[in-house]
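Accompanying notes for the structure given below.
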């Protein structure tokens, strides 16, 4: 399939809740960037994180292979630095191939989990 | 009404939770692709599923009749193969007529259900 | 402010849960179409509902006055006919002025409510 | 990074639940407008709120500095007037620089919180 989507995406609402209820990693409060690369060439993806009161963090480098999807938890990013919990952030996703990006969060701070999702903004 | 929408759509965040709480099928954890065909000709739709670590699955063939909506649970797809639970996936929706696509999930792993939805990405 | 938005919108995922928990009308399970008319002329809006197995219902006629927002519960529509509960549907929103449309649901079938929302598809 | 996004955005579904469960401010029922300014110049942002039965309120003035994100709770707006609780509203976001806008709500009226989000409509 020919690649489709966009090469720049953004998420404005980023927030990893500091607490969780239930067995991890499934029920751990988390945020995920879901990237679909429907094309026939691997996509090199760079995430840049924005904050309220400091300079951006990054680049966080990911590879999404051809004809694959990668659901990357922000919780698991460590290079160049972990993503702080309980902190407002935003994210720009740049890819050298056209991809589709969706954002989701599972919040299990209280006893029953809550979910949100949206297709990211195609820049 | 003249058909409107797009002929290619994508969902990047696919995941069927492995567990459920409450009476099925209503409260069974599930994901649904909702397709609206407002036009006057039947739409032949093909779903292709993408995964993190294997080649895509499909084609899954659906018909959305003229002036109808189809809310298809991914849980109920069986041909050419069932959709694995507790597994990250993504989905491309191709239609020979213009349609509108929305994605939703009900997650009832914990005692109270959570919901998410988004209009899919129009490719 | 000059009107902005679109004159045709669609929601593919419509479903009014048949049961509720908690005091109504606030906590009654419901779906809402939220329409913003930022312009200086009243908008005449027509909803058409689509189903899985019957011809569309409508027109449902609404007025969104100039510089106002209308959050219309589908539960409260009665003319030309009520919206059936526990039934998949979809909705096309046509307006004679440019408006912005967002869709949301509160599901209180289980003890704690769940929410979903998305900006509708601009046709 | 060059600025990207749009200079006008809208949210049609605004509603601050009147009650909350759990420790504030984290678990207080709230709505947030999340604005990402990825560009190298500060963005001056103006919010205008629309209601069902009165003239719009505003302007609410915000600054989103260069390379920063601002997650502004509607609950905390006071100038020119607070945002009423338990009241339907909508919001137009105007910026002198290109930004990306996302809307979210945490509803903790019942014992366990619910969440919703969507990328706003780019006008």
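The letters A, B, C and D name the chains in turn, as written, and every chain counts its residues from 1.
The working rule: a residue touches a chain if its C-beta (ideal position, glycine included) is under 8 Å from a C-beta of that chain, and two chains touch if they have at least 3 such contacts.
The model shown is predicted, which means the values in this text are computed figures rather than measured ones.
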Residue numbers at the chain B-chain C contact, same meaning over half shared and different meaning under half, come out as different
If CA atoms of chain A are superposed on chain B, the rotation in degrees (nearest 5) amounts to 90
State, to the nearest whole Å, the distance from the C-alpha centre of chain A to the C-alpha centre of chain D.
21
What residues in chain A touch two or more of the other chains?
111-112, 114-119
Touching residues on chain C, where the partner in the complex is chain D
1, 4-5, 21-22, 26-27, 32, 34-36, 38, 67-71, 100-104, 106, 108, 111-119, 122
In their complex, what parts of chain A are in touch with chain D?
8, 10-15, 48, 50-53, 55-56, 88-90, 92, 105, 107, 109-112, 114-121, 123
If we count contacts the way the header does, which residues on chain D are in touch with chain B in the complex?
112, 114, 118
